[in-house]
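Here the structure comes first, spelled out in structure tokens, and everything after it is commentary.
Note that the chains take the letters A, B, C, D, E and F in the order they are written out, and that residue 1 is the start of every chain.
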Amino acid sequence: MSQSRLTELTWREVRRAGEQGIAVLPIGSQEQHAGHLPMGTDTLLVEEVLDRALAVLDQEPSAPEVVRLPALPFGHSPHHLFAAAVSLSAATLGAVLDDVLDSLVTSGYRRVMVVNGHGGNDEIMRLAVKRFALRARVTVAACSYWTLTAGEDEAGRPDVTPGHAGWFETSLMLAARPELVRTPVPARTPVEPPPLFDHPPHPGLTVERHGEWERVDGSTDDASGADADRGGRLLDDRARGLARAIRAFDAASR
Amino acid sequence: MSQSRLTELTWREVRRAGEQGIAVLPIGSQEQHAGHLPMGTDTLLVEEVLDRALAVLDQEPSAPEVVRLPALPFGHSPHHLFAAAVSLSAATLGAVLDDVLDSLVTSGYRRVMVVNGHGGNDEIMRLAVKRFALRARVTVAACSYWTLTAGEDEAGRPDVTPGHAGWFETSLMLAARPELVRTPVPARTPVEPPPLFDHPPHPGLTVERHGEWERVDGSTDDASGADADRGGRLLDDRARGLARAIRAFDAASR
Amino acid sequence: MSQSRLTELTWREVRRAGEQGIAVLPIGSQEQHAGHLPMGTDTLLVEEVLDRALAVLDQEPSAPEVVRLPALPFGHSPHHLFAAAVSLSAATLGAVLDDVLDSLVTSGYRRVMVVNGHGGNDEIMRLAVKRFALRARVTVAACSYWTLTAGEDEAGRPDVTPGHAGWFETSLMLAARPELVRTPVPARTPVEPPPLFDHPPHPGLTVERHGEWERVDGSTDDASGADADRGGRLLDDRARGLARAIRAFDAASR
Amino acid sequence: MSQSRLTELTWREVRRAGEQGIAVLPIGSQEQHAGHLPMGTDTLLVEEVLDRALAVLDQEPSAPEVVRLPALPFGHSPHHLFAAAVSLSAATLGAVLDDVLDSLVTSGYRRVMVVNGHGGNDEIMRLAVKRFALRARVTVAACSYWTLTAGEDEAGRPDVTPGHAGWFETSLMLAARPELVRTPVPARTPVEPPPLFDHPPHPGLTVERHGEWERVDGSTDDASGADADRGGRLLDDRARGLARAIRAFDAASR
Amino acid sequence: MSQSRLTELTWREVRRAGEQGIAVLPIGSQEQHAGHLPMGTDTLLVEEVLDRALAVLDQEPSAPEVVRLPALPFGHSPHHLFAAAVSLSAATLGAVLDDVLDSLVTSGYRRVMVVNGHGGNDEIMRLAVKRFALRARVTVAACSYWTLTAGEDEAGRPDVTPGHAGWFETSLMLAARPELVRTPVPARTPVEPPPLFDHPPHPGLTVERHGEWERVDGSTDDASGADADRGGRLLDDRARGLARAIRAFDAASR
Amino acid sequence: MSQSRLTELTWREVRRAGEQGIAVLPIGSQEQHAGHLPMGTDTLLVEEVLDRALAVLDQEPSAPEVVRLPALPFGHSPHHLFAAAVSLSAATLGAVLDDVLDSLVTSGYRRVMVVNGHGGNDEIMRLAVKRFALRARVTVAACSYWTLTAGEDEAGRPDVTPGHAGWFETSLMLAARPELVRTPVPARTPVEPPPLFDHPPHPGLTVERHGEWERVDGSTDDASGADADRGGRLLDDRARGLARAIRAFDAASR
């Protein structure tokens, strides 16, 4: 068995799979995604990309053994609480990741990969991965699903990747879960100046201003032109990227 | 709309539902369940009971509005790490519950119910609920699915409720997810003395001994006689109990 | 010497007693107990029950060796701060119990028993005991004094056990420390609905509502009929129960 | 009523006393005190000094109202765990003091005094007092019982004040609780060099060396010449000092 | 006065400058930098870039008012402790940044900029900045000095930017503090495979392997060709970039 | 090389020096120092005393090897935030000290000395030093620069040592950094009663009153008579004291 869900395995199967396998943990969020996308968009999309990536690997000979953990449905979203979110603090999310990684090692794993669907989780995930690799004899990987395409892919990398509740995420949701997108998606009046967190005043500078998410009404760009077909190709590109990344991680960490 | 999933709602729908609705959070675990049940048994069963309870309510006139959160798939299972588990520490699980409750109130809810599938979460859930009700103008409820039947129900309350990976859980899993039960379930040689945590030497005394779970090989009682039919009736009883509990909580907390 | 107080022993005696003995830690609270009972009621009663239990054991041949720690006079009482309390947070009380248990093991003990006098300490005590048994090669027990009677005892188990500042606690205080009870105890007008924390709207459900303790004026039931004689018998029953529990713990944990 | 014990008051009396009164919290320790003194020496002595100080005040006209809290019987004694102790970590003890001070203010007090019996608690107590006075509109005092004599007193200030398990503490215990002192107290062979924590190599320097308490066998100086009569006078001096300090604090903090 | 050092100002000057000014906090590290660079390299370089940036601004009309804080000389360097480092944990560094930001706001500032010299601080700095902007009515910026050049600059962006103890940092140190570089810098034998943290096996993937820094002997690339002249131009480019970033932040956050 | 700065050493030099050397960490503060002294006064003075002490040692034969760490420029100054300060909480400063001490031991040191310039750091520094010596096989020292003179020194110990922003600190600053003292220093109207934290109502009592620093306008005594010449001699005395203390620590901890 080269792919399995941890939730469905007995503990002895979990142990056996840990000898050679890679444990994969998807993490997402529950947070406002403007008026047309559902709260769980980030969790739904990371699961979709992972589904497709594992389907790709499943077709390939000698794919690495993967044990998929249930997704953590909540992420770090304090900046969306002005509207609605179920958010873990940075300390809590870091503690959850520490505990999950610790548990996996105690249960016999030495290779773990965290696949992220929400920008706000990024730094916390990286810190957890670094901290853990110092503590235990493991190799740990982390990525966000939208960063994994390579140059040769067909759908390219839109300027607005990933943004928030904008063209990119809406296109992917139209492909993955169209029944959850409230259509027609209304056009968004441009906000001036654009959000500082998304358009810093100088390249390489991070700027955070109090109340900025509320000022820009919770999204980064106009989603009214979102396209299901383009979204499907973007999803497939990222799924192929993730499948390649899993293979590369497997090769590098044996 | 009287029942919905938070993950599928837009934030404005989440806010609107919060005015009158009850947010329901299922929590489970990923932990060894002997040789025949899967790691996610507690999460699967609490979701199953909640599914059935909401189906009951859905048939009834004037049922309370319920917003169901995605289940927290991980719980507090350090005592199962001798075999395999993905466990949150008590501090981490408490922090997750604090953050979820805080987020719900910030997002406009004033009534929340936690439905638990794993004994090891019990004290942490109670503490979180008490702490939160002191901090915010809310009414919060907590229960474990196996405690909610009332005397009049047909399937009764087996002595071994809930136990761990024994007759009760195995019967419920045979009813809910038979494809995940490894059968035939082997008979379990009685362990002498029985586990102290399950059979304290004096009524009313809690006793915890180092290594006890390992000594009794990870389960509390013989599951070889588990019965799908009885399991189904037990599930339905508990689902009806949960449906009644939701109604009663609604009436008491308006 | 089969019974001693840790505070009066030299350290070598403490070490020697730890080889075979059971360390017993009483924990209580300082919190409002309506208009007629003193702040320290829970601490006074747990000490009284322990005094009587040790007196029972002292009469018996081959009783286990017990080293009694000074009572922790403060507990977790945030719900009584609307009136008056000296309350430790759950985190603080948990840390105190962790430190005491750690110290006892470092000082040579491998069997510890916590005897509790205050309902609000219950979950914290259980978590501490479970956490500790995972960490060290020990057997640890925990109980609340009112849960330890067995069916054969004479005074029975009143419905209102233990309640708060009601008939049960008042009767026990009239027996144990009558000079500290302000009499006559006034009758309490029934509160409608009764407090949710004491009378949940569905069996098996825990419900906590903001402001509930203040709404019911800090007690659970009418204490005006409290009875010193009945209180004395209840105390003796619970003391005999605790003595039996100590013996049973001793036998189970050798 | 000018003096009372919080544990014996009803909550309304606690509130009323808080309007003008001073809450006094004694803190001690349970830790090795060489071969001749009991574990609870510091707690017993601080209670004894406080008993005597309150007896002094009780004789005086217009003494300030004092509400005495039950002593915290455990302190910060990690350096004594090589032998035996029940020790709270610095973080735990700090949290206990924070919680007690917070509770007292919430219960209506604005003047609190901590009276300490154990050197190892000193810095933690000071930090708690400073932290609290920044947070709430209160005046808070702290002292260790052995620092409070004034120059005019009869028994003077021995060089070895307070030391640990040496002449000073043994003399006081011979006066206060002679039945708990194992006599004759053996002479102590001088340790060379003397303990660095007690005899720093340069005035004004604090030096802590790993294993130092164990190297000097747990005491600072020879106790074999300890004297009950001198101990009684030292106790009375310190009690008078504490009585004066309470009066002075009262005058300064009205 | 348009530029000043907080350490040299009186508190009233600090308050006055806070009304319009930008507080700038440099953060660095003390950690192994291979055999030829000093422990404080990151701190020295971030201070050097900031010196030069402020010198640039000082020449310009209507430059924003800047209050420079003393550099935090320690950063998050646990991965360098295999050799030598003075490292703060992620939690500690986050707490330091929280406290500094809180203090600045309490002291009257509403615009703060953190300028970083050490890659390992990056995620912690970003989290602190985001957390703080949610908590207070401020605008906060963060950057690492090597990311701030713009396309038009002369010295370009070497592939090995910034690396660790390699060509880039060595060139900058040869320009800034040549007396602290041990020369000749020996050539570094290529390590195969190159360090996973620096050369992930798939673009967009973060991979951390236990022991990786030790395996590659503490540096990322060959520093033997480092060049003082090129280093000086790189420093000036980054200083001009930082000066522009300060101006841009000023304009965006007024 | 008998004296060096850690920031300028390569890691192998750091390791080598750790075998015999003493690591010295200066800690200071950034906080209001009335209208005439700069925020960094405490950091500047502790660095000045350490400079002079090391200059003294540098003249002497067989002085101990000293590795000087960069000063921690921030301390625990919450009581000065009413005016202006950059303050670390007690928990944060304690964590910084823990991490620095841990790092030094991991990097090969077994002797560390903390030299303090700010009264508010005192308890936190002592606790860190004690905690650390229990945890690792080290000898650790701590002092505040103003406590280290011995009786034979020429400049004596003024009554107002050290006070805050008064005669003592102003005199030292006039000697060490006269360009940073705003002169003439205005006379200070006596405050009645004098600050409780500096003039407790009873000897041996610590009293902290809310708002006290603001009430006395941020200083303890009149600085208008401060004297550069006397300040220089006081600095030299303390520097000689520190040099002697370093020697004594060296001798005691070999």
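One rule holds in what follows: contacts are C-beta pairs under 8 Å (C-beta built on N, C-alpha and C of every residue); 3 or more make two chains touch, one makes a residue touch a chain.
Molecules present, by chain and UniProt name: A, B, C, D, E, F = Creatininase family protein.
Note that the structure is predicted; figures quoted are calculated from it, not measured.
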| item | value |
| --- | --- |
| Chain F (Creatininase family protein) and chain D (Creatininase family protein) - chains in contact with each | none |
| Interface residue identity across copies chain A (Creatininase family protein), chain B (Creatininase family protein) - same or different by half | same |
| Inter-chain centre distance, chain D (Creatininase family protein) versus chain E (Creatininase family protein) - centres from mean C-alpha coordinates, in Å | 49 |
| Separation of chain C (Creatininase family protein) from chain E (Creatininase family protein), taking each centre as the mean of its C-alpha atoms, in whole Å | 56 |
| Multi-partner residues of chain E (Creatininase family protein) (each touching 2 or more other chains) | none |
| Starting from chain A (Creatininase family protein), with chain B (Creatininase family protein) taken as the next chain, the full ring order | A, B, C, D, F, E |
| Residues of chain A (Creatininase family protein) touching chain B (Creatininase family protein) in the complex | 5-12, 14-15, 30-40, 43-44, 69-74, 80-81, 83-89, 91-92, 95-96, 98-100, 103-104, 106-108, 180, 182, 218 |
| Residues of chain D (Creatininase family protein) touching chain F (Creatininase family protein) in the complex | 78-79, 90, 122-124, 126-127, 129-134, 136-144, 147-150, 193, 196, 201-212, 241, 244-245, 248-249, 251-253 |
